[in-house]
Structures are given as structure tokens and as C-alpha cells.
Amino acid sequence: MTHILTATGVTVRFGGLTVIDDVDLELRPSEILGLIGPNGAGKTTFVNVLSGFQKPQTGTIRIGDTDISATLPDERVRRGLVRTFQAVRLFPALTVAENLLAAGFAMGQSRRAAKAEIATLAALLDLDGWLNTEARALPYGVERRAGIARAMMAGPAFIMLDEPAAGMNHEEAMAFLSVMDAIRARGCGILLIEHNMDIVFRLCDRVQVLRSGKVLAAGTPDEIRNHALVREAYLGSAAA
Amino acid sequence: MTPHLQIEDVSVTYGAVRALNRLSIHAAKGETVALIGPNGAGKSSLLLAIAGVVPLRSGAVRLEGRDLAGQEPEQRVGLGISLVPETRDVFKKLSTHENLLIGASRRRLTRAQMQADADRIYALFPRLAERHNHMAGFLSGGEQQMLAIGRALMAEPGLLMLDEPSLGLAPVVTDAVYAAIATLRDQGTTILLVEQNAARAFSVCDRAYLMQAGQVIEEGSAETLSARGSVESVLFGRSAPAKELRP
Amino acid sequence: MTLLQMLIDAASVGGLYALTAIGIGLIFGVIGLVNFAYGEYIMVGAYVLLLSAGLYWPFAIGAVLVFVVLFALASDFLVFRQVRRAPPETLMIVSFGLSFMIQHIWVVMFGSLTKTVNFLPAINRSVEIAGLRIAGVSLLQIAATVVLTTVLALFIKYTRIGYQMRAVSENPRMARLVGVNSNWVIAVAFAISAVLAVTVTVLFVAQTGSMTPFFGVSLTMIGFVATVIGGMGSLPGCALGGFLVGAVTTILQMVLPPHLQPFREAFVFTSVILMLLVRPQGLIAVRSAWERV
Amino acid sequence: MPDQQNPLRDMAAWLWPWAVWAVLLLVLTLIFSQISPAMARITTDTLIRLVIVTGLYIFVGNSGILSFGHGAFLIVAAYASAWVTIPVAMKGVILPGLPEMLRGIQISPLGGLVAGVVLAAVLGLLAGIPLMRLSGIAASIATFAFFIVISVIYNNWTDWTKGTASLVGLPTWVGPWAALAAALTALLIAWAFQNSRAGLLLRASREDLVAAHGAGIRVMRLRLLAFVLSAAVAGAGGVLLGHNNGALTTANNVYLNLSFIVIAMLVVGGIRSMSGVVVGTLVLSVLAEIFRRFETGVDIGGVMLQIPGGTREVLLGLCMLLALILRPDGLSRGREIRVPGILRGTRPGAKTKKEEALP
Amino acid sequence: DDTPIVIGVASGQTGTLEPWDKGAARGAELAVDDINAAGGLLGRPVELVIRDTKSDPSLGPTAALEVLDAGSEMVLVACDYDFGAPAALTAISQGKIAMSSCAADAKFGVQGVGPLAYTQALATNGQGALLAEFAAEQPGWDKVYIMQDTAIEYTKSLCANFRKRWVDLKGEDSILGEDTWNGLNDNAIAGQISRIKSDGADANFIVWCGFTNNGAMMRQLRSAGVDLPVLASESMDGSHWIEAVPDLSDFYIAVYASIWGNDPDPKIAAFMTRFQEKFGEPARMGHVVTGYTAVEAWARAVEKVGSLDTTAIQTALDGFTGEPLLTGPSTYTPDLHINLTSPMLMMKVTNGKYEPIGRRAAEKVSPPEF
């Protein structure tokens, strides 16, 4: 059977502030699920919960039937659940190639297999010329793509991308659509956080909208685009 | 008439990498100038060079005709130059409010004046008001971006440099930011705007430069540039690292 | 001996450590510099006190204050300013090298033998309150710690230069980009830490009457341990850490059976490790010590 | 042909940076050990310090955590070797408190070395399990505390260590050549580790711990591995130290001072490369020796040059500061010796091949 | 043949041991002057070569090798077993005699270094017994409180030996309490003082086995109002720390020689005057005489056998019985290369003034156990 990533009843509080309030989410293989919402809605925090960087007050995370709520982040990666960071966070003193190699090694890949995978991903994400550049010297847009490549090195079953297209211009963003398709074609489920609505509406199978930690709406891109509350609270001119 | 900002023949290198190559641009007082170019074109490097945190290898940065060589970054802030860096760099261990206050470091303000200025920022970004006592490091990505912009505005700069201000912002907030940029422009602030979303930038700018590989390749008003279609061709090219000085 | 007396003794041994720890904690937690040379500020002050021992005591302290503040500022200007952007381990070794150098300059000037001076013997006398004995110096140490911690914590929290200090320590480049004169702000922090060092000097010399060019080292070491277990970036944490180390030492000294007494330090430092394992961010962890992802 | 595989050449390229230092050290040892017995001893001292710095580097350089605790491994290994190598007759007099089993045996120097290294590694493992959970300055302070604990125990564990007193009777088999062999081995271990998978992963975690977790790297395990390896190598240095002096003592913070000197050498050389280890150790050792000579007086062209007593340390400190101010990333700037073009060929990862692989 | 005979000094001319070792080296210099003034040794002039170990035990062998390179026939090493042993081991491995000026641990000798190692100190066995016997004679000193620094072997061994002899004389019950501190770490001893005040309330005197930082400890003790007599030994000698204690009184100490210009032994008094003349300052510790004696003893043995043959010199040294040296009669045996019963000068301090009480030697000394 195909495994599904499920989160149920997730609540996160910081002191008196409830940042995520009883949110459920389901992500299937080969599916692109958009997670959108105003700034500070709790999207990144939710990804932190899924990836194990944030312990929720309540809630369970499952892959298939296995409860992974108690596992550490690196363990979840080895179970096929990877993420990128909103602030990218490459290993600054390592070259792009070494960044990717490290991710491959962490999954126990052989040097040979890792190198082959690096070549594939570099071509996919337009990183070829940058492989021998130290990560700290990368321009912002390239840094983001390298971050995605590093996450993909793990050969994940589910990938959570936190604003992957930030810092890309319109043309690049369109090229990026094909990258997403390629990833999806590998059978990988994608959780996509993005403020670029062009991308979200073109790419996603489903969209879930968070506001103030609660699910405001969920449905197909078209339903969301026309959802009155979403238009007002979030989309503004992008709704056009 | 001397332009407000004049960049003459500026080169910037990082070790063996040349990020800017004898580049010249200018901006008149009150003008809004956009810088457009693919990843690695050197846009951020240019803003950092103007702010004084990366050294020039050659050329000069002039503000109202005066060469800024030897002026420390903090002194340039005193001259009215303010930067919103693309890495945001909010002070994580300071509260939101303190981050705003520190933006006004170079202005001799009373507490009341400072509070009034901060309130204007809160009006622009209501989200920050809700989080004014939060440690900035705990803010969400977009909230940090708002804070970085707000902090720069607190300096009441004569020359505002924005490096991808819409990065990570929700569409409604991006609208608000661009509305604010338009207001500042109308008030006479000179603005240097780096933006990936060319159409968005063109909606507010008077003039734009197209940059590639550390050089200006085209210059003109928004209309002429988009009419010529050169924007697409530049932006769609594959990005590659800047040329090394040595083989 | 009563339990209360034991606690008082514990506090009086901890007093000096606490005072040292807040000085170290200010530079360490606020400016982000591990300054091994802090102990040398204390040390050089003691020698100024030695040389000015003939003066009426407020003048002697004044002389120390002027000298040590200038000394600390000079160390910042000549050394630390040159390596502002260096990686942290380099900064640490720079401060270590500086500390080493100052010690040996003092050895060349004064010899490595203990020097003694009978400074303010009056405040060293014990006072007895309700059968409990406490040295006057210890009372002053405890009072100084409490007052200085409070004043400084408020200063850092609420003044303009206070948040500028925190900004500079976190991101010096960005601080300059918003117009903070980081050199000035750091100089102020050094000057304040020098004032704290002088407090330690005065009370230390009054308590022990002795000095060597090396006495700053063990104080600094304990100061660092105290700062880290107390909680970096929190001055009350530093003070608490200092009191704790002193207290644990004293209490162990009193409760350990004689054949285990020589192992006292082993017990003290085992408990340091345990505390760190339980609370890696320190006892009074400031919220900013955590990083969100 | 770019795709041609040449394992021998790859191997040579891999070894090159190490080999260059090995030859240099060999030549230096050859020259200096011949000058005089005192000079030979100074050479030995320097090489032993190189072993210790290398040991420290294996952990610090790759994990990015500054350890003040490695002195503990020197102590533990040196005493372990002493227990098994001091002649039985002497042990009866010097260490009557030692258990019968140890008192009755005397094994070869090599056996002593193995005993020391193994005990250091075991201690590294036991201490590492809790300590490696910490990061940053808390980890550094914890290693420092660990050092104090071990040193205080050895300082007062009279039956086994003679407490604060010197323990004598260690066979003095260590000379320049033994030390050189040890140093080269240690450097090779360090080199192999930093280029291994584990080495890369650990360096990644040094750069960004959160991202490392996010990439699935098991940081604690890797740190522990490096810690144990580094303890073992440092322990070997401790054993050599003991058998070079013929006496051991833990009194008066000798190991604490040594620890700081060793850390200083590492940082001055450059904490992020093996070359830094060698450069830092050699430069500081040579400077220390030169200044020491000046202190006792040097005859230059008939003029007696002498600096006042105690200035040696001042000058040494000054040189250290200058080095760090001029080169904050260490004298080596974190770089390794470049592999010459003929050896590099086109190894996997080199540019040309990648470009051909493009669609 | 008038090539000079070289005597090497490899000890801590700077660092922790400076007050002891630099003094000893200067004492040795005076001895060399004396020998040369009297026509040299075996008709040859004598010369001193000094190398600093920086008070770092691991630099000992290097310093020793250097003085041996310079042709040393004998090597004078540090005033302490732990600091001196490494240099001494190097010297004897090259077949030369190693002398410590004042390592008082009996291990410095055949058992702990080797048959060619000697020390001029009075063993802690003797020092402890001497203190106990002195105390037992003082009227009203019946109950003792013992304070011991745990930082080095010397202080531990001193206190242990005092204890042994004292229990012999006055019984176990006369010890009211014992406590320790660590001189290298502790700055404040409030807890220990409180305990003296409670447990030691009935004590008549305190035995204080201290190493460094004595001024700080005594200052705290006295200002806490503990005015009991304090009894100490040579490691606490010296003019450098007493100013820390206002009007130090009721302090008793056993020293090798008085540095205050009032040594009752005219030979020593004269020596101290010469010292002051030669070096322009008074000696800082009585230990200077042991540096002198080290050279004196070795030269005496050389003269006796008329050669520089190490084995012969060793035999001659081992034959010393009550050999009159500057510090008093000195005795060695083939397996004990340290004095057990030589005399020391007891001094009493009142208002910061050191007054000699008189030289005495212990009557009953328990031999060292190894």
C-alpha cells in the first residue's frame, strides 16, 4: 500500500501564544499540496513540527501507520521525510557539491551513487556552474536552489519546501515548475509553502490555507482563488 | 546638476571572484531606480558597496557629489543612506520594538518622537504591532522582512536601498510595501530598488538598469525596457558564477 | 557549626566568584567575546593598588579605576579591535595570548613572587550577628554583586546603548548598517567591565592582601564556568552561577570525609558537568539563547 | 581521456598533502637531531607536541567544538603505560599500592603505548557519550570540567599515581625517531579521517547544526567517533611524553598549561586544516626555542645578545597575537597543500567531466 | 690543567619555584666564589652554568641536557621532588650526580630518582618531628588543630609526619580537628575558619602546612579573630607575604636560615651579609643556604676522593656522617640521600618581627617508608 503522511490535531503554543491550533494535514505520494496563508500564520512552524524541529503541545505525525511523533529530525529524514529551510541554511564553508555529497552520505549512499545523483540534480536545478563554489559565496537565488537539491539528495518520499521560489524572478519561477514536476514524477509528495500565487495555483493539486494557526480554507486551487475570505485576508492584488 | 547618487566605474571583488566590473549608475534626487538582473548579476553586491560594507576595488561612490571613500558604514547611515539587506539581518535577540528603535540610532530623537515614528511603522505593518514585544528571532520569515523594512524606514533616509523587499511577503503585504514605496517616492526619497519581479518594480520606478555579470547592459525607463523585451532575455539566461580574475 | 553559618560561609566564598562572573558575563554574554584577559584587568589593578598603597584609600581606588579602565580600553583598541571579524576560537585564543603576555610583562616588572599589601584591613574584620560570623569583605562582595547585577541588567535592558550593545554582539555588520558606532559601544562595554574588575580587585586585595601576576587566571576560569552554568547573556544568571560554584565548593569542603576532601574539585566539576547536561543553556536561560528554525 | 580511471594516481593525489609534510618533517628531524643531545631532545619534544596537536585537531577541526579536555587523555594514557612498563622491581618500591596483577607485570614499550591508547579511547567513549550532547561554549566548558575531574582524581589517587608526587621509572625509549614515526602516523590518521565520509559529515555539522539534522546527519555519533579517535591519538602523545621525560606528575597544572599551549598552536596554525596543525606547532615551537636561546644569551658575530629573563613569554605572546591579528583564520588559512596538476588529472568532481555530463 | 670544572644549575629561575630555585642558584654562586677564592677544586677553577626550567617539570630534561652539553660535572636541580625529578633523571642517566637544593621529600634520592641523586633538605620526616617536639615543649600547647594544603606532596607529608610524632607525644585525643584547602585554587577559606572556630574552639595552637598564598590565608585567619599560635615550616619562609597580615604575631616557623640579619649562627649570619653585598638585596628565603651546601657537599666529596669519578664521589657522599656543612652536620647512607635529623632554626614572629628561638634537631624521627 502507499504510505501517506498524516498530521492530526497539531497544536503549538509559545507561552500564551497559540501559533498552531488543532491543525490536520494529509500528504500523499506524487501529490503537491500548497500550504499558504498570511505572514505569521504558522506555516513554517507547522513544517517544523512535521520535520521534528518543534515539539507540538498536542498532535501526532504518522507515515503510513507508523507514529513518528517521538523521533528526532535526523531520524525522520532517514524515514524519507525531508524539508528545506526558509532561511536556506547551507553549510557555508563547504562547496555546493560537498553540501550535496554530505546529504547523500548521511543517507548511506556510496560515493559513486551520490556523485551520480549530484549530477542529475545539478542539471535539474541549474546548478552545474556552481558546484565548486563555497555555499557562503552564492547569490541568493542559487542558494535556494542548492537548498532544494540538498534536500532531494536524500531521495525523499515527502519533501516540504519552505518558500522555494523566493528570490526567483518570474522567468525562473516558471522554469521551476518543471523542477516540481520532475520531483513529483519520482513519486515524491510535496508540501509547498509559497507566497508566489502563480506557482501555487498552477502547480498544486490541493491548497490548504492557514490563518492565525487555524485552517481557514482547503480545496482545489480554483476554490481557493475564489474564496472570499482568502482573497481579502491574503491574496490582495494577486487574486486578480 | 549633480545627481543624488553617482556610481562611477565601480569594481568589487571577493577573492578571485569579480562581482562588479567597472559599473556606473546614477540616481537623481527623488528618483526611484530599479536594478534588475539574474542571480549573481551583482545587484546585492552593489548595494552593499554603496552602504560601505564591501570595499571597492576601483571607482567611486558619490553622494551629492561627495566621494564616500573612507566613510564607515555607520557614517554613511548618518549621511542618510539606509539599506534593507536581502538577508534581512534583524537583530534576533532584540525585541521587535527595539529593532525599530535601533533603526533610528543616527537620529537624535526624544523617546516620544521615537515612539511616534515607530507607531507609523506599526500602522504600515499591523502584524508587527501585534508582535512588538516578541524577540525578533522568533518572528516568521515574512514578519522579519517587514521588520527589516521598518527598521530602515526609521532612519528616515534620503537614499533608501531595498534588496528584494517583497521576499517572503504575503501578496497583500507586498501590496502594502509597494504602496509605501510609492508614498516615499512622492515625498522625495531617492530609492534604489532591487527586485526579481520586474513587472512589480516597473510599476513604481522612474528608471531601471538591467544588470548582468557585474555590468549594466541596458538602461532606460520602465516603458522602453519592457517594450524592447530585453528584460526577458536577460532574466531567462542561465545563471553562472562570476568570472574568476585568474584562470 | 550551624547550617546557617555554613550557608553564610558558602555565600562569602561565592561572593568573589559571582562578582568576577558578572564582569566576564558582560563581555561574554553581551559583546560575545570570551575574554581571558579579564583576569588580568583584576590583576593589574591589584599592582596599582600595591604602588598606591601609601595614599588615602579613596585616592588609591581612584588611581586603580583610572588605570584599569584605560588598560581595558587599550586592550580593546590595540588588540580586540584588530580581530573583530575573526572566528570565535581565534578571538578566544587572542584573549588568551593577551592574558599570557600581560602576565609575563608583569613577571618581568614585578617578579613572580607573591607581593603583599595591607589594604583596608578594617573591612576585612568579621562581624558577628546573632552568633553568626561573616567577614566584612564578604558582606561587601555580596552587596556589590546584587547592586551591580541589578544596575547593569537594567542598563542593558533599557538604555539605548544597552540595546546597541546587544545588537553589536549579535551582528556587528548589520549594527553598523543601521548606524551604530560599534567601536564606541564596545569601548563602553569594556570600560564597564573594567569598573567591575576594579571592584573585584579592591575586594580581593582587601580580603587576601596578596597578589601574583597569575592570580587572575583561576578567577577567570571559575568566572567562565560560572557564566556558562548560570546562563549566558543573563547577568543575574552569571551571579547565580558564581555563588553556586563557591557554595558547592564550600559545602563539599565541609561535608566530605577527610579522605575525600582532596577530591573536592572533582566533585565540584562533576556537578558542573551534570548541571550543563541538564540545562545546557544555563540555569537562568535567556529566551534568546534558543534559536528558532 | 578524462574518464580514464587511475587508482594509483588517485591514491598518490590523495596522499600528496600528507606526504609533503612527512618529507619536510623527516628532513627537519634528520638535521636537528644530529646537532646535539639537547637539540635532539627539543626535536623530540616538538614532534610529541605535534602528535598531541594532531589528536586535538581530529576532534576540534572537524566538529568545531573547542575542547579544553584533551589533557585528560594525556594523563590517563601516560599513567596507563607507566603501570605496565615500569620495571617490576621499581614498581614494588614506587607503587606498592598498585594491585598485584599490575605490579607483577612489565610489558614492552609498544605494549605500554597500546595500553595507554586503548584506555584513552575508552575514556573518550565514556566521557563522550554525555559530553557530545552539548554544543558550543557549553561543550567547551564541560570538557574543561571533565579535564579537572580527571586531573584531580589522578592528583590524589595515591595508590595508583603517587598523588601529587612525581612517578618515576618509566623506560625512556622515546627519541626523535620514535616521535617522528608517531607524528607521521597521527597526521595520516587525521588526514584519512578528515577526508572520510564521517569527516565530511562532521564538518557539515560544524557549519550548521540545525541544517545537519535536517539533512539526516547523526551528529552525536559522528562527534563521538571523532572524540574517541582524537582521544586515542592524544593519548599516544601522552604516552610518548611520559617515556620521554621518564617521569610523570599531575601536580601544578602541568597538563592544563600544556592543553592551552596545544590549543594555541592549533588556532595559530589554522583550526581547519591539517597543514595548520603542522605549521602552528612548528612555528610556535621554533619561536619558543629561539626566544629561550636569546634569554640565555646568543653570540652573534662576537656580540653577546641577551634579552632579560622572562621576556621569552612576552615575545611569544606577542608573536601569537600578531599572527592571529594578521591571519585570523590561522597561518594556513584553513588550506591544504595543493596537489600538483599531474596528479590531479580529472578526478570525479572536477569541472570538465561535469560539463560533459550535461544534457 | 686549569680548564674550569662546570657545575650546572637546571631549575626554576622563573615561575612558581623562583623564590626557592633562584635563591639556591645564588647560594651556589657564593659557594663557587668561595671555592675559587680558595684555589679552586682539584686545582681547577669552578664555573656555574645556569639554565632555566621555567618551573615546568617537562622542561627539566632539556635544561639538564643543556648544562650537561656545557660540560657539567654535577647538576643542581629544583627545590622540590616533583619539579626536580625529571632534570635529575636526565643528569643521572648521563652518569652525573644530581643534587636538589631543598627537595624535602625523602623519595628524592635512591628510591625515587636513583642512586646518584641527593638532596640538601631536611626530610619532611625530620621537619614534622621537629615541629611536634617543639610544640610539645611549649607550655600550654596541648591541643592542636591541623591545617593542610593539598596542592603538593610536601605539605601533605609534613602534616602527616607532624601528626605521627605528636600522637606519640600527646596522644590521639589531643588533635581536635583537621582540615584542608587547596592553595592553588582557593582564595577564600571562610568555611575552614568557621570550623576552626567551632571544632577547634579549645585548641591551643594550629599547625599550618602551607605552600603558596600564605599571606592570603593568614590574613583571613587573623582578621576572623583566630589569634591562636600558628606553627609552620620552611615552605612558609620568606619576607614576601607577611605584609598581608597586619602585625603578624604568635607565628612560629622552622627555617633553614634567618634572612632577617639575626641568625644566631655566625657563619650563616656572615653568609647572609655576603649575599646581600653580592646581589644587592637580602635573600628572600632561608633556602639560599641549601644551594650553597649543595655545591659545598659535592666539592667536599670531590676533594676527598681527589677525582671527578662519579662512582668515587658517590661513595664519598654516602660516607658523610655529621659532615659539617654550612647548614649543619649532614649525614647520608648508601640508601638514604637526604638528612633526617639535621637542625633547623625555630623563629617566632611578633608584630611582624622575626626573632630566632634557636636551632634544634628532632630527637626521634620515624624513617621514611617507600
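Residue numbering begins at 1 within each chain, and the chains themselves are lettered A, B, C, D and E in the order written.
Heads up, the rule we're going with is that contacts are C-beta pairs under 8 Å (C-beta built on N, C-alpha and C of every residue); 3 or more make two chains touch, one makes a residue touch a chain.
Which chain is which protein? Per UniProt: A = Amino acid/amide ABC transporter ATP-binding protein 1 (HAAT family); B = Amino acid/amide ABC transporter ATP-binding protein 2 (HAAT family); C = Amino acid/amide ABC transporter membrane protein 1 (HAAT family); D = Amino acid/amide ABC transporter membrane protein 2 (HAAT family).
Everything numeric in this text was worked out from a predicted model, so none of it was measured.
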Longest centre-to-centre distance from chain D, chain (CA-based): B
Averaging each chain's C-alpha atoms to get its centre, pick out the one most distant from chain A. E
Contact-pair count is greater, between B-C and A-C, for B-C
Whole-Å distance, chain C centre to chain E centre, using C-alpha means? 36
Distance in whole angstrom between the CA centres of chain B and chain D is 48
What is the distance in Å between the mean C-alpha positions of chain B and chain E? 75
Multi-chain contacts only, two chains or more: what residues does chain E have there? 14, 16, 150, 184
Chain B: positions in contact with at least two other chains: 138
Residues in chain C with touches to at least two other chains are numbered 107, 112, 262, 264-265, 291-293
Touching pairs of chains, all of them, please. A-B, A-C, A-D, B-C, C-D, C-E, D-E
Within the complex, which stretch of chain C touches chain D? 34, 79, 82-83, 85-87, 89-90, 92-94, 96-98, 100-101, 103-105, 107-108, 112, 221, 224-225, 228-229, 232, 262-266, 269-270, 272-273, 276-277, 280-282, 291, 293
Residue ranges of chain C in contact with chain A within the complex: 292-293
Flag every residue of chain D that touches chain C in the complex, lowest number first. 66, 130-131, 133-135, 137-138, 141-142, 144-146, 148-149, 152-153, 155-156, 210, 260, 263-264, 267-268, 271, 308-311, 313-314, 316-318, 320-321, 324-325, 328-330
Note: in the complex, chain E contacts chain D through residues 13-14, 16, 51-52, 55-58, 60-62, 65-66, 68-69, 81-83, 85-86, 89-90, 93, 105, 107, 111-113, 150-153, 156, 184, 370
Contacts from chain B onto chain C in the complex sit at residues 51, 53, 72-74, 77-78, 82-83, 85, 89, 91-94, 98, 101-103, 105-106, 135, 137-138, 151-152, 155
